[in-house]
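Shown next, in structure tokens, is the structure this report addresses.
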Amino acid sequence: MTTLDAAIAKPRKQFKETFLGRVWTGLTRSPAGFAGTVLVLGIVLFSFVGPLAIDQDNPTDTTKIWTEPSAEHWLGTQYEGKDTFTILVNSGAEPIWVGTLAALMAVFVAVVFGSAAGYFRGKIDAVLLQLTDVTVTIPQFLLMLAVVAFFDDIPAWGIAFVVGSTMWAFLFRSIRAQVMSLKEREFVEAARLQDLGTARIVFREILPNMAGFIFVNFVIAVNQAIYAIVGLYVLGLMPSGTPNWGLMIHQSWSQNFYLNPVALPFVIAPLLMIVLFTIGLVTMGRGLDQALNPRLRER
Amino acid sequence: MTAPAASLPQSAAEGTPSRTAAIVVRRVWTSYAFRRVLQSVFVIWLVSTITFLLMHFMPGDPIEIMAGRLNSAGMSHDQAMATAANLVNYDPDASVWGQYLEFLKGLVTLDFGNSLTNPSKTVFEHVMEYLPWTLFSVGAGVVFAVVIGVSAGMAMAYRRGSAFDHSMTSLGSFLTGVPNYILIAAVVVIGYTVLGILPFLDMRGRITAGVEPGFDPVFLGDAVFHAILPIIAFAFTATGSFMLNMKAATTEVLTEDYVTVARARGLKPGRISRGYVGRNALLPVVPQIALQMGMLVGGSIVIEQILDYPGVGQMLMSAISDRDYPVVQAAVIILATSVVVASLIVDLVLVKIDPRIKSEGQDA
Amino acid sequence: QAKGSEGEGASGKFVYVYPFDVTTQHFNAAIPNAALLVPAPNAELFIPRPAILNWDSQEWIPQLAESVDLAGTTLTIKLRSGVKWTDGNAVTAKDLVGTIYLQKLNAPQGTVGWDQLTSATADDDTTVTVQYSAAFPGVEHGALKVQVLPHARYGEWMDEAEALVAAGAIQGSPEQSALAEKIAAEDFKDAEGGFISCGAYKFKDIGETVITMEVHQDGLFADQVKFQTFEIQKGDNATSVQLLLASEVDYSTQVLGATDRQTIAGVQGLKELSTPGYDGIGLMLNQGRFPEFADVDVRKAFMYVLDTEQIGEIAKGQGGYYLPKTYTGLADPHAEGLFDDVELEYYSVDHAKATSLLEGAGWKKESDGWHKPDGSLAEYTIIGVEGWTDFTLSGEQAAAQFKEFGLQISYENVPEDNPWGIWGAGDYDIAVRQWANPFVPYVYGAWQMTWFTDNGLTADAMGMGLPVDAVETATQGTVNVAELYLQSQQGTEEEQMAAHKILGVVFNETLPRLPLFLNQRVSYAVDGKRVKSIDPGDYDLNDIYFDNPIMVRILEGAIEPA
Amino acid sequence: MSSAPLLKLSGMEQVFDTKKGPVPAVGGVDLEVEPGKVLCLVGESGCGKTTTARAAAGLTRPTAGTVEYRGKNLADMTAAERGRYRRSVQYIHQDPYAALNPTRTVYSTLSAGLKRHGIVKNRTEARAKAAELLQLVDLTPPESYLDSYPHQLSGGQRQRVNVARSLALNPDLLICDESTSMLDVSIRVSLLNTLGRLRDELDVGFLFITHDLAVAKYFAWDGEIAVMYLGKVVEHGPTPEVIGNPQHPYTKALIGAVCEPDPDLAKANRAAEQLRSAEIPSLRDLPAGCAFHPRCPAFEPGLCDTAEPALQATPSRRRLSCHVVSRDLQRAPDADRTITFEAVPGSRRPEPETAH
Amino acid sequence: MSDPILSVRDLSIAYRTGRKESVTAVSGVDLDLYEGQSLALVGESGCGKTTLGLGLLRLLPNLGEITSGSLTYRLKDGTRADLLAMKKEPLRRFRWNEAAMVFQGAMNAFNPVIRIVDHFADTLRDHADGKKWTKAAVEARAGELLETVRLDPDRVLQSYPHELSGGMKQRALIALAIALDPQVLVLDEPTTALDLLTQRSIVQQLHELRSKFGFTMVFITHDLGLAAELADRVATMYAGRIIETGSARDIFYEPKHPYTAGLINAVMPVKGDRPALESIPGYPPSLKAMPDGCAFNPRCAFATDECKRDRVPLSLLTERPLGMDHSVACLHHDQVRLPRKESANV
């Protein structure tokens, strides 16, 4: 019995069982999770560490406007004759963190509101439902314009806030509906019988059952946030100057770079970064899904 | 929902006529449908009020904007203002409060008067000139997206982990990820500019010059021809998100016992996937249809501009930049109403496809 | 005149691209700026004016008029006979007189030419006499360039306008407002007979993205034109680039960015029709907000910081801009010969000079950038307009160059819907804005732009806060710019010249706007596809949006199908 | 502690609202559970046992009547009292599949309550305690179950995990809804013995739902049995009495239906049909009078189908709701002793056909 | 008649639990079932009964797989079919039509969003073979079937699954299982959630159905009473293996495996006084930590060193026709006696 006791007392899978542990396992052990993580990490490193690693001197040079990729300029040069690659390296950090922040905020709010509404129903539910209806219905364009009019100088986190505050409503209803159905499940009752506390019941018993769903939506939200930032450029809300995927896309767009074959690296590079980032997140999500939802391995 | 309906029939049976009436009133008052309608009206009011405020917060009134345009053509500020004042049917000195009351009156009577910058048209006429086209293209786009996204999403979940799943998931992420205006621009650039196979020039607009409106094949065919690109554009994003959501939902449902049992029952795979897996997996996806609809209408601005498809997005855009308040108001109210109606429909559909929703509410 | 048989010499199709909008625009040509294609360059084709100006020779090219003659304060316009409206009526002096009164009544006070116009009378069916209260070069401009409207449709308003003018009503008076509102409420979209016009072409099909015009047999110059059909494709910059790439249009007047021009460079038969423009892109410094901008040395220092050639290169591309020969606020064609005998400062990039100027003005460069004399960090934002590519790029480049020099200046866009409001209110630090003369072929237009546009100096329209009544200069002493401006437009030819000269020197010395570069007006034509050759002929100086040379050449029959 | 019973249901009614009309699943039951005692609830499937139990566990609010825990009405409890009640009363769901969170391992299911209420201080303790609980329910060796997910367990294993979880918080009252139904007999005995120890040593009270009369008898020998039929208690008394000497025709039928693990006996049993009808009436449309009368072998027209019989105490420490039996008892007060076990048909075992 | 309707040879089933780990839940099962027979599968909880039952219909979840063995059926048309080699469509037609299964988790066996009647309609229509099932016909047939399990069709047919009690769902599932008159019916604890009267009537119904249609039954149960009542044959499983099989009388009267004997010994009688019951001593083994040799040896009173060494195969004790042989996998079967056999007669 001594070995047995030891096994119980000192569990071999200690880390694996915690939520983070399972996340870690999902990300490192499954091929999908691993590939996704590598991709996402790659882009994050590229965008956050890259700027420190490359030569930041990138002068305007009118003799080099729109040149083809070459050994010196891997992605060619852009409309000011600057090196496109250098710009690309410098362009990722802000959209990534602002997009992630906005998505986190949106998903967080959606999850909190959605589970509160679905779990408690009643007045909270009614009020939140109305709030989503209102949020969804107000034309975002108008809202953004009003925001421009209101704030002269809006910091990046403020943008995350604005973007996030219009996105949460889209996820809210789905989460609410799922919480509504999950909370009727007997295992939730069982948790209530243990007096586990509402917060724990919602966050540890109910939400993990929809982890996959939430994650997929988080990915979608990151994406939409990044593109919402592009949209903000269109409205003239964002100061240009700080390099940014959004700015690159917007320039490609509004100045018709996309019609010029030489400009294609400049047009496609930021899009490709976003697409790869998204695909990375989605693939990562698949690994996570498996880790967080043990039943998935069944079928 | 918690009202013990069981006791109602009894009391109704005993009641005097007036009590019965009171009960009827109470029933209506406590009825789900009635409250939903009330709530919807409230939402519409709130949204339009917020819109009203937002519009008035924005710098510039319609006269100033018009004056700015004239100004750009060489008039001095004062001159331009004076000219604009004549062109625009707007009293800049009216108090915001007064305008709000006026607007509320319009809201109640559903009469918003005439467009400020185009006084020859009533707002209603103005909006109706655009709205059907957007509803048509967005509606068709969403229908396509639902059909394609839902079936692809299910197929992905069924073949979880296969090459098909991987590629479709990537495609789905790509479609949701890249804004539809970029995708449709790529389609146009590649199809028209590069390959020259897309008759983009002829596809612009809503209808070919000279085609008479009417319910005949020529008109309908032409309308569809012109709407193809917008429909594809609207379908793009929605398809991606339906695919991903449906996949997630289906994956969950596939683990349920009743699916195993259905297989054991030797049901045809098609029936299992539709009636058992699909129906249950749709539950979390259905609410998104209405949202997508609203989102797409909201996002139609750019699409309609790229494709030269004069719809409500374009109208809203120019009305906002002209500060044509009544037109913006009316458009927003119509949009709000359609979102609210769509979510109402979604609720009803959900009750229809998920019988469990009806019998909730005995909880302590 | 236009009795020639059907299709005589006319065949083929000319395709033009222009951003019209059938859903919001209408057919009431009495409303400025809002009628379909009426403000467009091709308006000459269907809604002609009595005459248009050759900007180079400053001579009138008769259109509806057979001849024009300004003698003293009397302008006599002799109309061609035989031209008919599309409703079958002949074009008569009555149409022109009515149109002139409508314009006169609605023209804002202070408009050169309209203010001075006292009466217009139809002497007979084809002769119109216009009386002015004063005469000076350019006074006839307004009356000769009205787009003549049919009395048959607008007669009621024309007559009312005439009566009101006679009664002394002016723009802004209640009577005028009432009439204007009446006019604004009509759009004639579904009016019988469609749009009544008298040009060589008339509307045939009006689609949302393409409008087709065909020869109007009784129209002006219908016998001369060589194209049976004139098609207008709807298109903004992106679309016109695409259409040019596909050679689906023959002519585009859209102002394209540097990259766009590179994109279409390889199109077969592509021709860039380039004329030196009268206007350019510059910067407005908001002196109302930042008193330090009142210091001329600071302005000069800023000017010396900027590498305007680089800015032009990036914003407009090679051939899309030119640097002014003089920094006098005038485009080269106008400045020519005026300043030969004065010493002018020429601003080319010179950081050392900029530094010394700033330091002389009490500024100090520290690690975080330049500090003003009061010790505070000089921080500004340049605003451009979203979607106006040349503005955006110029502003961005300027900001980058300032930054490089150590000035904390960043760049930002404002929404496109109301930049005029922002400029007018002075709600900015530094703004990208035109300079020189974008509107009229006369020199005074440049002074208007420099000192009076966006410089309202009233509480609700402060503008850039630049004083105009007493400007201190080193060589000219204190100058009353406002007075000189009046002289520059209403004086005799000599008075005008003298005023121009002083104002030019004042500009050079005080830099009321920082001129970056002048626009080279470029339009694009595709030769050899549908059209043999597109060539502006003698009118190459004519600005493309006003008195478009190609349209005039089409009417002359000088442009033919391939 | 006060003299109030651990759990007291008085006049508890539960009416469900459905689209097709109200369903009176429980039509007024009065029951009590004392500490250290077992009350067994037996009855037809769908007769409202689970519904009663859920109300007793505070999972639903009865539409009428009260549920009291230690003399305190659930509806009037303060938050603190409710918390205490929550921890002291545990309900074990009937369906062990649905009652386990599919995303949590056995360990995390078991330890959630322990951690939450500070019963364990750290992981090591939590695992030790969870292992202990698993051992209590014969899931050994515990470490091979601790990290399993519910879908990796067999039905009986899940059922035992459910039981183990309910024991984690040291409850005063356990409400077991058919909690041994999926276990093999050996483990069943073992589990019942474990629960029996809790009952005897820790004074835990039990509301024990089962349809297995043998289990009822084995586990509630010192307690009581309440027999339910269509939402009502029809017979209620001490276990040996009710099992050994059933009075209500329905109880008799139930006991008559028991299968013995004996093939020959079973074959003999097979022929015996005791009820007039196999049809279970709908709750929405209950028969007039005694709800059992359409099936009752003792049915007397005019008596049973007119008035609803009340649940009355009989001389022999039990309550009964049957017109016929009550009447007979009144006529012959000793009669309830005279019906013996042998009277139940098919209980005599014929000799085996083959001998070894 | 010498042709078994279902024949299982050396069937082993394993579940994957990790990328490399797996547990064997069923190993080396041999079984022949003949037409009309009913086999009760009893045994320890978790010993692999459900797994075997699922395996018989090839219904294992993805991570469970048949690792060895063969599985053949004699179909209604008389041909023999190798189930493991069957293609998708034939397998689909086979399921429920030839062999149906009533699941242990009946609670979740129904699609929550469709009515009970639709479950019947779906099953009937998908196995219609050209027959047109109108709504009325479906309702009639489903009503009939529900009545055989004593459910009120008027109420149940139009109900949604969540509106039924557990017992009702289980009965509805049984009704659904016999809808196509399958030849083989696998019932996994079919009456666990049912009250005695219903159990009784279902048992009766199953008897009747069996004599009417002559289908073969495999039922998994913990209720030895039920096994005694329904089964001709009983097989006892322990830790994934069949350790004893024989006629019902063999097993109940003369069990030869100590585990079977212990099981019967632990049965609680309803009648008579309350005996003090003993469970089998020791703990059931876990699949992840299986003892060597006979899996029962740690708990067995007769265990010798020999038992700990090698796996003990089934050995034939009494030969009987139609697979009713009494076999046992115990080296010491001759020592096994039912301790209370005499007193059980009370």
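A few notes on this one:
Just so it is clear, A, B, C, D and E label the chains in written order, and each chain counts residues from 1 on its own.
As a working rule, contacts are C-beta pairs under 8 Å (C-beta built on N, C-alpha and C of every residue); 3 or more make two chains touch, one makes a residue touch a chain.
Everything quoted here is computed from the prediction, not taken from an experiment.
Number of steps on the shortest path from chain C to chain E, with steps defined by chain touch: 2. Listing every chain that touches chain A and chain C alike gives B.
Pairs A-D and B-C differ in how many C-beta pairs touch across them, and the larger number is found at B-C. Chain B and chain C, compared by their mean Cα positions, are separated by 42 Å.
Here the CA centre of chain B is 54 Å from the CA centre of chain E.
For this pair, chain D with chain E, the centres built from the Cα atoms lie 26 Å apart. Centre-to-centre separation of chain C and chain D, using mean CA positions: 93 Å. Chain D has residues 18, 59, 95, 97-98, 102, 141, 151 in contact with two or more other chains.
Shown for chain C are the residues in touch with two or more other chains, namely 238, 242, 245, 415-416. Among the residues of chain B, those in touch with two or more other chains are 59, 189, 193, 255, 257, 283, 320, 354, 356, 359.
Residues of chain B touching chain A in their complex: 39-40, 42-43, 46-47, 50-51, 54-55, 57-59, 160-161, 166, 169-170, 172-174, 176-179, 182, 185-186, 189, 193, 241, 244-245, 247-249, 251-252, 254-255, 283-285, 287-288, 291, 294-295, 298, 301-302, 316-317, 320, 328, 332, 335-336, 339-340, 343, 350, 354, 356-357, 360-361. Contact residues of chain B toward chain C in the complex are 59-60, 64-65, 67-80, 82-83, 85-89, 114, 118-121, 129-130, 188-189, 192-193, 196, 200-201, 204-210, 306, 308, 310, 314-315, 318, 320-322.
Within the complex, the chain B residues that touch chain E are 256-258, 260-269, 271, 275-276, 279-280, 283, 353-356, 359.
Across the interface of their complex, chain D is touched by residues 4, 7-11, 13-14, 17, 185-197, 200, 204-205, 208-209, 211, 292-295, 298 of chain A.
Residues of chain E touching chain D in their complex: 15, 17, 42-47, 49-51, 61, 104-105, 107-108, 150-152, 154-155, 158, 163-168, 170-171, 189, 192-201, 203-204, 207, 222-229, 231, 248-249, 252-254, 262-264, 266-271, 274, 277-280, 283-284, 286-289, 345.
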